[in-house]
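Shared between the two complexes below is chain A, which has chain B as its partner in the first and chain C in the second.
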Partner chain A sequence: MAEQPPSYGVGIGRLPSYGVGIGSRPSYGVGIGWRPEIAGFVEGLPGLRFAEVVAESVHAHGELPTGLQVLLDRGVTIIPHGVRLSLGGAEPVDPARVEHFAAVAERLRAPLISEHIAFVRAGGIEAGHLLPLPRSREAVDAVVANVRRVQAAVPVPIALEPIAALFDWPDDELTEGQFLTEILDRSGAQLLLDVANVYANARNRGTDPAELLDQLPLERIAYVHVAGGAEHQGLYHDTHTDAVPQPVLDLVGALCARHVPPALMLERDGDYPPAAALAADLDAIAKASGYPVIT
Partner chain B sequence: MNDTWGISGPTFLTYFIGATIAIAIIAAVHRKALFRGDRSARVDNLGPQQVAYLNGGDRLAIYSSMGGLRAAGALGTGPGRILVRTGPLPSGVTPLDSAVYNAAGNGVRTRDLPNDQWVASAVEQLRDNLERTGLAVSAGKMREARLWVLAGLALVAIGIARVVAGIGNDKPVTFIVIATIAAFVVTLTLLRTRRWATDAAHKGLRDLRYKHNYLAPSNSPSYATYGATGAAMGVALYGGAALYSMDPAFAAEAEVQRIAATGGAAGSSGGSDGGSSSSCSSGSSCSGGSSCGGGGGCGG
Partner chain C sequence: MTTPASDSSGLAARQAALVEALTAGRPVPEGIDGFRFEAARLALLRKRAGEVARQWPMLAAAFGDRWKREFSSWAAVRPTEGSLRDGWDLARDLTRRGALPPAAAAELAQREAAWHYDSTAAPRSRRGPALRTAGGATALQVAGRVWLLRRP
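What follows is the complex of A and B.
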């Protein structure tokens, strides 16, 4: 059982003018990505205070999945996480998608929403996948313009998540750190940092993952994704279907040594293991971050 | 006095329809009393196989056991669609699990399981327990409830006799034909109703289904995460379809039927279900009833 820190409050969601973090100062500790396949496991976590749900999987009106409703009734904060807005697209974000996102956020009484810094469609063609942007000033302009459109329609803050990429575009003008900082500074958005991505990117480029941490505005982190991955033919793949490896947990520790984020969550998207293995991942994240165990 | 049997068409029709409705209502009230069960009985501490029995009888209890054994890696299928053991029997299993596991060692098929001596006695033990605690409807009460089928059949027989007599008497019979068909449908409904859970258990099962909604096949639940008990409970609450969602290849190979787990008016589709075949014998009283129509040939 996790003890309740005095600052914790679920009512934050109704105060959209609040600033940084999920809500203001409250720390949510360790959470998990809610998926229908493991809804029963998530429901059974006694210390859970926040979870994330894929925004596109929730009906804006209609009935909520039972498992989500149970969590909401328990006072668990649920963050809608978009995967299809295509903030990095050259064209403006689709108003219908933004409207859906806003409705879902309201439905869940979410204090925050999140999306990726990526594009999923261009020229009317759907990639069906999150694609990386070239780190150019032009791309920064496009992302910032789209984030502002979302901010105009959704009353709660947005956190942006950089994605993993196995390659760099040849004409990058900015470093990863500069690119992200620029987008966050100009849009006023918060950061959703995926530690496994940071690890994967650094590992596949032969750089030090902790170096990137020093270049990012860590105080802007709303929450952190932690996921598993696996190595194939010398490359580390951020699969989200494997256990969280020790180097990623070490990086969580390195992050928390610099700045303790208000919340960290396990992101598991498939090939779900026995409950004990999921619980072990959650406990490992709690241990690495110093937050109370939630299992 | 041209009226068939000396009763005018409209009068006969009124009494006939009245009798049909009366039988339907009295049978329903009788059932309500018979199936009430023990209101203080609880289902939340039942095991998956007991829940399965309440939802779908012997067959679902066996499927639930198969689901648990499959998730534990103890059960699989071999050539000729027979069940085989694929691992050791997990510890802490129920007598039904042991019986199914034992039968799997003898190369039986899923549909033969209810006839296996061990399995049958394990199911019987399970059933007795549930009947004693007022959660399951006993075979005796089910038979009692079905007595109204006889009344229905008698009515149908009278209707047929009246139609025959009416035709002989050169009277229009359209309405009485329709009324007889209606009486037949009511009788069939009384006959086909098969339920295992008492009303007291029904409410608890509904709550249980809500509580375990995450096991519904529509969530494509991860049975690896929920383990053997989760798999068994999924089958118990959501029927054979849950086995298909958890392990489609195994479910198909084992010829598991997608029986619904409603516990409601699910028609028992023959097979090894002794209950429905015995009620079939009450259908033979139909021939007795038709002889009554022969006696009523006075209208001709």
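What follows is the complex of A and C.
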């Protein structure tokens, strides 16, 4: 049971006083992204201590989905994960979306929220997808300004997730490590590191994924995403609809050899397999990270 | 929409050009790898097709293996309005062309009877009773309950 963490003033580079992580516990181990389609499976995980839910899928008022309420009643920590704020958009975040996010965080008694370093709309058009930012100083400014707007409205810390992208913008001013570190430093946000995204980007760019690990402030990881993907026409797609491949699990091991994050979780977003296959993915994450199995 | 940076090199303009290329068939912004951009565009359409299939299960099922291709070709130049509205707009388009599969007709007729949707704003529950026909199916809604009166 994560206690409600103290609220804290937001300012340039100011960090929450109680340290980095999901809440008051030192570590949460292995968790999973809650989805209605696998609610029964998630509810049946005896060792589960944290899960994540897509923030936009939860009503600000009205009833929570049954499976989610059961987890909360059991003391499982639920983190709302936003996908539509468009923190990296050149325009300010939509106040109504921020307000909804804050209300969801409050009703879940969440000790932390998370969103992406990405944009999802521009010029009034929805992309329907998380899109990469040019790694420019102007983009850093835009993200930091939007993160501060969210921090001003939500009393718990935010963790930011770098995304997987199949293409890059030309004329980057910063390396990926510099770009992400500067955003985290200036916003005071924590890091939601998606190991599968790191793997996907490195594989598609022909670089070494472990190199990026060495350039990121790993001590600021709140938690870690792990997901499956597949190759199409020579490109690796971060699908969240395939099993977690061995190279991604190896990268979890490489991360934990550098710094053991307080929590790691499986993201699965469709083509749901039988329970045994989901359990195998969770057990593999536990094995790669050294945390106890939760199945 | 007003944006502070209006020159074409500013972040707002670059982002708008990218989204238009991705969703409305506009040219790929200069300097971005065309092959990779196309892979991302197709992946996005596949993802949208999956989301619409969850909202419109009978519509997707009626196309079977051809669903993703059918939806993607329709959606390629139409930015998403959310999966509920995307599926609804496609189903109405198919109806106008006489191409709505019979297996999808009841689903559309029931929703037309239950909800008011003007193709520009989010659908809302009808206040009064309604009788609607779509693709040869007829549905009646009274006080929020919907009866299917006829299948194609």
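Operating definition for what follows: the second predicted complex is superposed on the first by the 276 of 295 C-alpha atoms of A that agree within 3 Å, B and C clash if a C-alpha of one lies under 4 Å from a C-alpha of the other, contacts with A are read in each partner's own complex, and residues count from 1 in each chain.
Throughout what follows, a residue touches a chain if its C-beta (ideal position, glycine included) is under 8 Å from a C-beta of that chain, and two chains touch if they have at least 3 such contacts.
This structure is a prediction, so every number in the text was calculated from the model and none was measured.
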- Would you mind checking whether chain B and chain C clash or fit side by side on chain A after the superposition? fit
- Could you tell me if A:39 is touching chain B, chain C, both of them or neither one (first, second, both, neither)? first
- Does chain B (first) or chain C (second) touch A:121, or do both, or does neither? second
- Query: Now for A:260: first (chain B), second (chain C), both, or neither, which partner does it touch?
  - Reply: neither
- Should A:278 be classified as contacting the first partner (chain B), the second (chain C), both, or neither? first
- Regarding the shared-chain residue A:66, is it in contact with chain B (first), chain C (second), both, or neither? first
- Have a look and say if chain B or chain C is in touch with more residues of chain A. C
- Message: Once chain A of both complexes is superposed, is A:139 in touch with chain B (first), chain C (second), both, or neither?
- Response: second
- Distance in angstrom between the closest Cα atoms of chain C and chain B, superposition on A: 7
- Message: Looking at the complex, which residues from chain A come into contact with chain C?
- Response: 89-91, 119, 121-129, 131, 134, 136, 138-139, 142, 165-171, 204, 232-233, 235, 237, 270
- Task: Within their complex, state which residues of chain B touch chain A.
- Result: 210, 212-215, 218-222, 224-227, 230
- Note which residues of chain C are touching chain A in the complex, please. 1, 3-5, 10-12, 14-16, 18-20, 22-24, 30-33, 36-37, 39-40, 43-44, 47-48, 50, 79-82
- Note on the structure: So, in the complex, the side of chain A touching chain B is made of residues 36-41, 43, 65-67, 272-275, 278
